[in-house]
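What follows is subunit A paired twice: with subunit B in the first complex and subunit C in the second.
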Partner chain A sequence: MAAGAVLGAAGTDGTRVQTAPGGERPGAMEPAEGAARTLPSTGRVSVAGRISGAGRLSRGPHLRKLSGRLGVSPSGRALPPGSQENADPQKIAFLLRKQWTLYSVTPLYKFSSAHLKDYGRQLGAFIAAEKQKGLAVEVGVELGIKVAVSSLPGLKGSDQDHAAVLVQLSLKSSASQKKTEEKLIWSGWFCCVAGDDLSLNVLEDFTCLPLFLANGAESYTSLVGSWFQKTFDCCFRRLVISPLILTWMAALWTGYKVDKTSSAVELVFSVPCLPQPLDISYAIHTEDAKALWDTVQKTPGEITQEEVDVFMDCLYSHFHRHFKIHLSATKLVKVSTGIASARCDGIIKFLQSQYIIRVLMLLTELAVAQIQ
Partner chain B sequence: MAVARPFDKLPALNSAALLLVGADGSAQQRLAEAVLRERKEFEISIHLATSLPLPAERDHLRPRIDLIVFIIDIKSKYSLKNVEASLAYVDASFFLGKVCFLVTGVGRVNNCSIEMNAIWKLRDVYCSPVLLCELEVERIQATTAQRLLRMLQICAGHVPGVSALTFGSLMRSSADD
Partner chain C sequence: MQRRQSSKHSKHVHDSNQTDLSAWRKERSIDTEKTVQNQQSPSDDSEHNSLEKALRFFEKVQDRVSLKKSEVLQKHLSTVESIGLQRGLPPEAFDTLLTVALSGKLADTVNTRLLKSLVPASVIPETSVVSSVSWLCVSKCTGSIQLLFLRWLITMFDFIDRKEQLHALYGFFFSFLYDDKLCPYACHVLYLLTRKENVKPFRVRRLLDLQAKTGMQPHLQALLSLYKLFCPELVNITLPGKSKTYFKNSEAPWKAAINTVRRRNQANSPVSQALCLGTAQPQSRKRKWNTQLIVPVSSANAQNLVGNREKNCVDLYSTIESFPVEQLQTFTQLLENIHCLEFPSQMGSVLANPLLLHYMNCIKDESIYLRLYYWMGQTLQEECTWCVVENNQYEQEFKDFLEIIYKAECFLQEGFSSCEEFLCRSLPLWDGLCCRSQILRLVSWIPLSSFSEMKSQICDPLAQLFFTSSLYFKCSVLECLKELLQNWLNRHVVQLDSESDNQFHSLNTTLSGLVNGIAELIHFVGWISTVALRLENNCTFLLYFILDFYEIVCDMYLKYNLPLLIMPPAGVFYPALLSMDSVSLNHLCYIMYRYRANLVAAKENELNKKKTQQFKFSSQTYQEYNQYIIAMVGCLWTSSAFQKDDHPQGVRLDEELLKQTGVQEFKNSFNIVYHPAMMGYAILFLQQACPDDTTFNFSLIKGKKWNWYLEYLYAQGLKGLKLFVESSINRVSQASQNKAGNVEV
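Let's turn to the complex of A and B:
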């Protein structure tokens, strides 16, 4: 199927990759059949061998401090032992399949997990006061907003991490005369998974919860955020994920074993410098992508920048062979695999509960890097 | 295969030639215009190329190249690959101070597609200075043009007492500090 004339490319062997102008994507993305299946067996490994000539970047704890600077990739550390068992799948099931907006939070001053109920009451009063002022947009008959602040156990990487804190806003409305229904309208949670770098340098009275995820209306996010900023003297900033980090996520998440056959590995690229914005969506069968990654990765449990580069180069050169488009000149904006999906403006979706800790570990590292 | 050689042509009187190699044509064009706008005492000719080798047919018409600047855009991995492929077509004696890497787009940390370690590796392997800039900003573009003009002046031998090799090693030792 030939791609649009503006790209001037021709796909001759039935690979189906759709390009959509105007930034919208068509609904069902079919994986690149036929051609993608030949990825592991057509000697792409020889391409990998040629490119990865120059030695390996050594991975170690000292590199984590560098990841705050321009364009240094995160370390591919192995998961710390003992943290897998803490995450109870039932309790965190409500975190899956929702779009979470990511923020990085500086350490909170004088935050205590013993006073969560008090914080809930104060936050509820604050929100009610703001609504009286007319700042929050809410129309309709309702009795008010109930705030619940609770602790989420099991979402931490090591014992030094503070337990995750969950804030939920529910709308109380009287559906009938006797019943009062509560509808969850907004939820947000702070967490810290393996944030050792930050907590080591922090003074007493400060709690380190560098990652904040929010789901719901933006107005509530700003209300809750401003209350936390006023009360605990912290600073919220939107977490931005650079294309370099997105390639790391693509490689990392492709490597994880998924039990059931999940959706394809999908990469979305945005093409710059065109009169009309153009998005290219490149979808690969999960098994093929995993087979390719397995041929590239040498030591299990450790990933280097060279391996990620080789993996992405194989995908780019495959695309170039069929469509004559250099994907390396475009900007990677979204990565979605069976484990999770991430967008460059800081939006994440978890799809598998068993890997949520690892994804949180990477996101915590990014948040800490953005703070420092 | 035409390899760029630094001394295979005679120099012209009171002039210098700059070669800009980079994947993004429009950014190169703007930088070249900025260099030409600067005040200078000698003639400059600026040659733009997307990659090396330069076509051999017009080789006799080109002047001696005094400084090669490889432009890498941090938002595009393709530009890095392009530069790495072009480096093979440059004669080794060019790397004695007559080559420079210009990394653009460093103002936007959140858009980077290239790891900085790859850039530092280029700098160490080819012993050439790396200039970081943001060509989208007018002021920085003008400053970068001034720097390049000064380097071109030294590489063409117009500054008595300072050779390209001296200047190159000076830049390297000050960058290491």
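Let's turn to the complex of A and C:
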């Protein structure tokens, strides 16, 4: 939010469009001036646009509904009702507001949830051994890393889904010998929400937990990941999110109801082929975005690629009207809404516990697509 | 020149890629000296001999020999040096060489050079180290050699095969602490050796005394802190915080050589390297933590651990029946333990291990393939050098990986499904250069069932690249498609053999599916061949590969029991018939002979078996064959070129037009005398048959001479022509030159 350029414009249809610097600072109004001022050559341009004439921006009359066109089709799937009910709210809360790096994981061979405690012990021993490797001369330092592997009940979409598995590494402070003083240094979890596409195709000995989310230093991710790869003959791969999927997320999450007014919908675009990186941040009030989406989306519970495209095109044309920038020529790199935020490099943050399952369902689908 | 005529047995075509078991056994034998030797080319035998001679010399050397005066010593010393530093010394060399170096028989310059070249190829036997310590204790050698030996010992510590007896010598090493010069290195050795039971009050006292005398030395501190770690109650002093450099670096003289040897061994065999040297993973880039192209073999311990937890046993294997895969080194071991063998924890490690591939061949378990499928699919996608931009610097590594996959496919005689999927995804993006031969070889293992499904994903990009790339690329594509066809046919034959056991049928296509798939492939190759011959001006080299392909096609009925024969398109047949060189013509003759044999056999079978067969060759095939054979006999034999060819693309010209060209006797111009590919033979024949005639009067070759000429051609190796003439041309009588071809089938 460094750029100070203030861009203002009046909607041609007479509706007032207020723009202000600082993505999440609505209200700081500037008088409409007409043409946009020039952009700074580097840095970020933040625009908070208020779309009031959403109705006029809606699509033409003869749109055809396409379904299942996208490899990932979040459309037409009945959501598991109340699947989160038996989830421990505390554990769910733990997952919120953290940055999780996404990985896809191939099915685990001979994994058994009956042995989670043993796995924790073995993983702890493995980490201790790896940590001491190459430190022959460094003696007397105890690496008190405690590993806990537990199950996260409730985080599933259907009965076929395996219960999510949480791995936590915490540091035992050696100075004070008190057991209570454990500092959580890394956590990661495996989950599968409505991953039937994968689960149905594998054999008995395999456990499908195709999505892995890690928070903490990558060195620990690598240790834990290596151990799982060695022990359960699986394969981890970073899961990146394509711009196309990001538009889906933007549309989907905009459509979800949020209790109270939450932060704006923010889309970050990166302009390619510039000597210096230039990011454009485009923030829209949640209720405006929702209003726009509601006019675009026709059948409840079913979303088509075309609707997503129309939604994005509306946002693009609105932006173009004021700033003469074609956002469609840039690359969408981040979507952030009140539900969750996602980055193209595969980092996600959950913000609303009630929608975590739905977000995970989409992510599971992405992970399965990467595996198959 | 000579074509292979005897029908080679289809199943053995890939022998060259099958692993030779005996070689494997030798290679993996515990005798690691042999490992080194066997991996080298035969030219290294001489080196091996000279090393043996050098060792014998050093064994016998008694008195002090002057290096300057003795050329023998110079020679043997440089042998040991060059072998030691380049490829490492075999285990049995160490005893002799250490004894010489430490016994003080020779000058210190020699001893130093010897010690510096003592780099192991695999391991160092513990006994040789123990005996050298005893030499050290009798003080026959000078202080500098003692010092160098300790540094050597520290550097090579991890290469010593066992260390039990070495631990028993703890006290001897401890005594070296009193030598000021040796002290830092002795400390380092002790640091490596110390176990809890070695920490004794008297040793702690000695160390503290030393420290009081010499001041705070980092090496003493290191040993003391280790003692304190084991027995805190014995060491009361407070030691300063951690310091990173307790010991001086000892490995300098050997570092480069160790790396050289390691790289060498690694290049020769990625599997045996890890086993022999006992070192960790080959340190490739670790740009990503989760990609490992060559996975080391290790037991599936985790499940075992869980199972044994209640018993709380320390020794993993004491209660487990299974044979640890790490120890599997010979084929005999495989046979003896096959009942209690378990696959390694990561299936990916099976690929580069022929013994485990054997095992995989025996065990029909779907989970094996599924594990391999996931791992390989992910790794291929992640590491593909043209799909992932950052990977392009790792092309060699990826190449090696593809090579390993290909070899495993040859071994198992089947393709991996993750590989097909990878090819489907990546071929459209392929530039045709990167890892070319590896990719094309992988294409040759795509199973027929998936090929039909993915024809457009495989063939379209291949055809595009084919038309726009060099002659060599075209040839390699044709070669790989030939392999592909051959693999399908082999599989079909194997399936026919084992038709009784129903194991196979589910996986594979029906006969009609097979026939359609193969026909599709042959038509595809016919099409690209026709275009390529135009593009490359009927290049002989290209024609060779095309005809090679048709050599398989023409024999599918007899050799592979497949009810399908497809004639080459005119765009291939005529360029071969009118080719400028005899190799192609001879090749074509052989192919036409085989077509005839197959078609005749098919017709006979049809007549014999009255029942209607599911598959019949269409009359069109016979028609095409007859058109070709009429044209061919007309050209080569009956001297009626341009007349008898009724193929729409055939060699037929209007008589008027031919007259206008002014060529005399144009009808002859493609017979076996005048044909541009044969004229050279005709000249040589005339020189021998009529040495007096210098006019090269080709018309002399007729009657008896015609037969002589034929014999001459056969003797020149034109066996294809011989078979063709004998089978397809009905000569009225051998004596008569009256040429009449009854060629209709």
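By our rule, the second predicted complex is superposed on the first by the 271 of 372 C-alpha atoms of A that agree within 3 Å, B and C clash if a C-alpha of one lies under 4 Å from a C-alpha of the other, contacts with A are read in each partner's own complex, and residues count from 1 in each chain.
By our rule, contacts are C-beta pairs under 8 Å (C-beta built on N, C-alpha and C of every residue); 3 or more make two chains touch, one makes a residue touch a chain.
Everything numeric here is computed off the predicted structure, so don't read it as measured data.
After overlaying the two complexes on the shared chain, residue contacts for A:T254 are found with neither subunit B nor subunit C. When the shared chain is aligned, subunit C comes close enough to touch A:K110, but subunit B does not.
When both complexes are overlaid on chain A, the residue A:S328 reaches subunit B alone and has no touch with subunit C. In the superposed model, A:S242 makes contact with subunit B only, not with subunit C.
Which of subunit B and subunit C touches more residues of subunit A: that partner is C. Of the two partner chains, subunit C is the only one touched by A:D205; subunit B is not. Shared-chain residue A:T286: touches no atom of subunit B or subunit C. Contacts of A:S226 after superposition: subunit C is touched, whereas subunit B is not reached.
Common to the subunit B-facing and subunit C-facing surfaces of subunit A is no residue whatsoever. Every residue of subunit B that touches subunit A in the complex is listed here, in rising order: 23, 26, 74-79, 81, 106, 109-117, 121. In the complex of the two chains, the subunit A residues touching subunit C come out as 106-107, 109-110, 112, 115, 118-119, 122, 137-141, 202-203, 205-206, 218, 221-222, 225-226, 229-237, 371.
Interface residues of subunit C, counted against subunit A in their complex, comprise 191, 222, 225-226, 228-229, 242, 244-247, 289-290, 298, 300-303, 305-306, 309, 345-347, 366-367, 370-371, 374-375, 377-379, 381-382. Of all residues in subunit A, only 54, 57, 69-73, 240-244, 247, 272-273, 305, 312, 326, 328-332, 344 touch subunit B in the complex they form.
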